[in-house]
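Here chain A shows up in two complexes: once beside chain B, once beside chain C.
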Partner chain A sequence: MSISARNRAESERATRRTLWPGRAGHGFVALYVALLIAFGVVPTGYAIYFAFTNAGNTFAGFSNFTDAAADFRFLPAVGHVALYLVLWLLSLVVLVIGLALLLHRLASRRVSKALRFLFYIPGALAGAASVMVWLFVLDPTVSPVAFLLRALGLATFDQVVAPGGLPLLFTLIAFWTGAGGWILVMYGALNNISTDILEAARIDGAGAWQTARRIQIPMLRKWIVYMCILAFAGGTQLFVEPQLLSQASVGVAGRDYSPNQLSYDFAFQNNNVNTAASVSVELLLLGLVAAAVFVSRSGFFDVD
Partner chain B sequence: MTRTSPAAGANREHSGRARATLATAMVALTLGAATACGGGSGGTAGGTASFKPAAQGDGPITVWVDATRLAAAKLYQQQNPQVKMKIVTYDGDANGSNYLQTKVSLFNRTGSGWPDVVFSSQNNETTWAVQSKFAAPLNKGLIPQSTLDGWATGANAPCTVDGTVYCLRNDLSQTVLWYNAALMKQWGYQVPATWEQFQALGQKVATEHPGYIVGSAGDTFAPEIYMWAAKCGANQITGPKAVTVNTTSAQCTRMASLLDTLVKAKTMSTSSVFSTDFAKNDASKVLMLPGPSWFGGALFEGTFKTPKGRIAVAPMPQWAGDSSPSVGNVGGGTWLLSAHSKNLKAATAFLTWATTSDDYQGKLAPGYPAYSAAAKAWLTAQSTSGYYANDISPTLQAAANQVWPGWGYGQYSQESIWAATVTPRMTAGKSIVSLLPAWQTSIANYAKSDGYKVSQ
Partner chain C sequence: MSTDYRTPAPSAPAPPGARRERPRRARRRSKNPLPALVLLLFAVFFVLPVIWLLLAATKTDDQLVHANPLSFGSWHALRANWDALTGYQGDTVMLWLRNSALYTFLALVITLVVVVPAGYALALTEFRGRHTLLVATLVVMLMPSATLVVPLFLEMNAVHLIGSMWSVILPYSFYPFGVYLAYIYFSTAIPRSLLEAARLDGCSEFGTFRRIALPLATPVVALVGFFSFVANWTNYFLPYVLLPQSNQFPVQVGLGTLLDDVPQFNPTVGSLAVQRPELALATLLAITPVLVVFLFSQRFLIAGMLAGATKD
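What follows is the complex of A and B.
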């Protein structure tokens, strides 16, 4: 092939590339979109259809929603999850940022590496498996930290899973399984802050606390908002933790604890899929509204 | 500044596209919620329309059993190697887990996947399985009436809807008083015949042999042992969708305060007999344990590994002056045949064998068989095994006819209601007597959510 021919071919390729610059990107996204439609959009449409129809497939207005709200389990479930969300979001934001900042300040690279690995391990277990680990940890007769439980005056599993302590327990489990990944994300975001800025702050006399408060945390804002949106949506959909706890405690704790469980019970115990769908549509709306509020209030899409 | 403006423009454009993309992603992320909860339409259309079997063939049959009944399925497969069987173990719906109902409602939606024969440890499966057209009618040509007549009187009552039998009872779970005969003799105690004596002995043990227990009220089935035997009207099913609930009658409070007294004296355990806690602290310190017939094989011999020759059985205590003795009942298990089975012949053959054969029910089963002939063989096997310190046959046979009929089988699980309402507050130190009204409210609530008309 002559040089000119090769040049021509290359320039053609280049033209094609400029005509459609994001080819590979679109390929990846297309796969995601296909899955999103199959497992996200279509089932959601299906759920909305169910939420507004009755067992005979005729339009039912808001009757499924009022049925759900009138159920004796509905308000307690909403209350449980509200309390859990407060604990879970607070602990997530405070501890994840705190730990990420500490990790970032660590001088020793080896310790930092070891800690990052340690933080990440629990997240590598799938959701249900990590809850199973906790079921053992929380049973004083088999727990490796039984002495801690006994020191708290908890001698049996039933005492550990007493109703009053459940929001705290679920927060512990959720934090243990979910926070490690976020610490690493925050750590990565911290690494992205230019050393020039930190250097300038240091020269201006800012200490660790001031640097964190005035520079690092404001620059992490978007990541924090992003974390809150996902944690909020995940938290309102609380299901695996109470459901497994309910099975492990043979129904003593965690039954009908969250709206998501209630939806499941409507569908499979009361044989009322339409009311179940109305609860799930409510959860979807709640997640969307919260995301909208977070995004609009935080200037999530503003350019720095 | 001219150099920066294009960049700023590009940035703006980029941010606009990013905004749209991220907003879409946000919606996508939150969508995850609803997707888990679609599916399943209301199968509320009731009725027991005529049974139309699926097209029959010679395919394999799928059998669902719990861990205990796995032995039955395996033995059948071993004896009948030509039968193609797929054996699946599941939790047996223990403690009202509703696993079977959940799966069947999904199978009903997808139109396939039903197991051919299922064992369930619950007796109330027909309350939904008939309505959702899963259970096949058994006395309409599948199983001869002469075979069905072999069940103990009333044993298949929980399986019968409008005269049609939809399941077969596996075992009777009449309650009796299990006790450690060696210890009773050593300490010079009399086996209590009345609840009053039972309570007095419990208090005596508390002072003379602290640490030993005379019963456990920590299980989900505690109300079926104590409240049922005490004729407490917590669960009077009066019609297909009607129930009368009264948990504050004299019968209920009398038994509840007996339990409270002994819980306070620490001779009534509040741990489940299957818990790790019980195994560690209480299993070797059982002096007496009121409980179902299957406690002997499944609990003392199987789980606690109590040595031979110690455990004996006595009739359930009665209240002094009560002329009509009554006992409770804990489960007893049922076998269901799928109306969707494509090999009814093989499925029915297995079902019949599992419930009636001496090879399994008579020799292997841990509980008192509901099929009378097998029960005879079972009792003989028990007495010749030499495991028990006395002859358990007359007591179990008598108790089989004394199960109080005022406690019915509703669609909701009495076990899980007790577990969620009474157990945690009892653990927190509240008395059972003080929890009786809350128990009643909870039963009424769950009954109403299943469409029951509740009288209180």
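What follows is the complex of A and C.
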């Protein structure tokens, strides 16, 4: 009895986590830490090792990095992905927020819920399946929207997958599969905004547009940043879409289109794992920095 | 966990004010049809390709080109497509589906065994390195999994695991997002007083976990299971690199192989040819498990996607 009384008195801090002597915590996380080391730390270290050595396992400085950068495919690949990222992030920010706001304003909750689900369905086709679907949808001979494609002057599949249009095309695929999930997130965050605030704005004479611009969007800010960081990090890794497209167009479009494909080709076509590793390390660093900055600066995650 | 975010406030009986608001809103909306139009347009954008895919599987290649794109072909054609697809390289498609199921299932089991105690320990126990581990988990969880594919290949190659199914199952089982979900769940769902009570009653540390945390873990098992399953089922890059043999492909990678044998996309295909409706049917088969999971676990999905903000 007295122990429990003392414990309770001790402080909120003590009960925040139940403090135990001993190493039970280590036991509980041991398996996870083992996996973290085996499939997070070790491959990273291994990639770094390869990136800074040559085929003879001797230290090579930055020569793998300069080799990769000097490859005629490298700069174009970076450019492709940069353009794709701009389009992808723009479409996400504008359309996802716009659609979430519209859904949130819908009078009928049933309709809103049904629409959110419909928007989300393509998420089930993430990966190769979405590429298959869009190969068909963009092929004027079988497309359900062939009239649209023709109206845009695209009469054959080859015209659709012309290099200039690819960033737009990959944006379309990524948006189709990924936007629904983010709309759910934004919708949930919008629901989080107290109705009192919205009501006050309405009384002050704010219309839908002003409410969105001055209250709702600012309050979604951290979610928008979260979405952009994840979309950015994911977008830099572009692989499946161009890879399958290059198969579908017999190497005409999408070959060595992204840095990840280039890394893959260095490793498996050119048998040059060191250069491949250097590209991987660059991509890793990009993802790592984006994630670390977000975790440390955004205050998004509570890590006590 | 994030129930507050999942359902908006009015799960309670609607206050009178809300009732009055509806017709007014509706009227305002009717003045401007643009929002409804935009939503409808996007609904078509998101759903039309899926409907087209469903219908494409019921057609012959000729119908695919000449019939109305949104018409139903025939059951007969569907049957023929099915037969052709299952006949492809001696039922390879079914083998790929079985592979996908095997890999995702085993990874799911290991993930759960790893994630539940780890999330529990991070949330409710104190140990050296806890904070570091939590931060590391967040950082790794935000990094796209594709970043590690080529490095993982180098590692697996060094330990001669290329071509073993464990070369994808074990990396799949490393699932920091799941650990984070479990961490959030345990730190919000289990009252600390309950653990204190168990401790006072002389429960061992493992006993407390087994008797208190585990029985309460069902929601997080479902949540982590959902995300792990979907992520691993739809993964393409990792198995594409680590499992070079066709008889080990998961169905996602298999789709790529089928694509290579479609003459309209690859004119050099000879007698192996796969017709486009067969590819559409294979795509449908590949996504069906995920679709089914979606239909039955919408609420997990939203809860999980909003997990980041549960502790505001």
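To be clear about the criterion, the second predicted complex is superposed on the first by the 249 of 304 C-alpha atoms of A that agree within 3 Å, B and C clash if a C-alpha of one lies under 4 Å from a C-alpha of the other, contacts with A are read in each partner's own complex, and residues count from 1 in each chain.
Rule of thumb we're sticking to: a contact is a pair of C-beta atoms (placed from the backbone, for glycine too) under 8 Å apart; a residue touches a chain by one contact, two chains touch by 3 or more.
Remember, predicted model here, so these are calculated numbers, not experimental data.
Chemist: Mind working out whether A:44 is in touch with chain B, chain C, both or neither, as first, second, both or neither?
Modeler: A:44: touches chain B and chain C.
Chemist: Tell me the contact category for A:252 with respect to chain B and chain C: first, second, both or neither.
Modeler: After superposition on chain A, A:252 lies in contact with chain B alone.
Chemist: Give one of first, second, both or neither to describe whether A:153 is in contact with chain B, with chain C, with both, or with none.
Modeler: neither
Chemist: Using the superposition on chain A described above, determine whether A:205 touches chain B (first), chain C (second), both, or neither.
Modeler: After superposing on A, A:205 lies clear of both chain B and chain C.
Chemist: With the two complexes superposed on chain A, say which partner A:142 touches: chain B (first), chain C (second), both, or neither.
Modeler: both
Chemist: A:31 contacts which: chain B (first), chain C (second), both, neither?
Modeler: A:31 sits against chain C, while chain B stays out of touch.
Chemist: Which one hits more chain A residues, chain B or chain C?
Modeler: Of chain B and chain C, C contacts more residues of chain A.
Chemist: Need the overlap of the two footprints on chain A, from chain B and from chain C, as residue ranges.
Modeler: After superposing on chain A, chain A residues 36, 39-40, 43-44, 46-47, 50, 139, 141-142, 229-230, 233, 236-237, 239, 247, 249-250, 260, 263-264, 267-268, 273, 276-277, 279-280, 283-284, 287-288, 291, 295, 300-303 contact both chain B and chain C.
Chemist: Across the complex, what residues on chain A touch chain C?
Modeler: Those in contact with chain C are residues 3-4, 7, 15-20, 22-29, 31-33, 35-36, 38-40, 42-44, 46-47, 50, 95, 98-99, 102-103, 105-107, 109, 115, 117-129, 132-137, 139, 141-146, 176, 179-181, 184-185, 188-189, 191-192, 195, 222-223, 226, 229-230, 233-234, 236-237, 239-240, 243-244, 247-250, 260, 263-264, 267-268, 273, 276-277, 279-280, 283-284, 287-288, 290-292, 294-295, 300-304.
Chemist: In the complex of these two chains, what residues of chain B are touching chain A?
Modeler: Residue list for chain B touching chain A: 11-12, 15, 18-19, 22-23, 26-45, 94-98, 101-102, 105, 128, 131-132, 218-220, 270-272, 275-277, 279-280, 412, 415-416, 419-420, 423-424, 427-428, 445, 448-451.
Chemist: In their complex, what parts of chain A are in touch with chain B?
Modeler: Chain A reaches chain B through residues 36, 39-41, 43-44, 46-48, 50, 54-57, 71-73, 139-142, 155-159, 161-163, 229-230, 233, 236-237, 239, 247, 249-253, 255-256, 260, 263-264, 267-274, 276-277, 279-281, 283-284, 287-288, 291, 295, 300-303.
Chemist: For a test of understanding, state which residues of chain C touch chain A in their complex under the given definition.
Modeler: Residue positions touching the partner: 4-6, 8-10, 22, 25-26, 29, 35, 38-39, 42-43, 45-50, 52-53, 56, 64-65, 69-70, 113-115, 117-118, 120-128, 130-131, 133-144, 146-155, 158, 170-171, 173-174, 176, 179-180, 192-193, 195-196, 199-200, 205-206, 209, 230, 234-237, 240-241, 252-253, 255-256, 259-260, 262, 264-268, 276, 279-280, 283, 286-287, 290-291, 294, 298, 301-302, 305-306, 308-309, 311.
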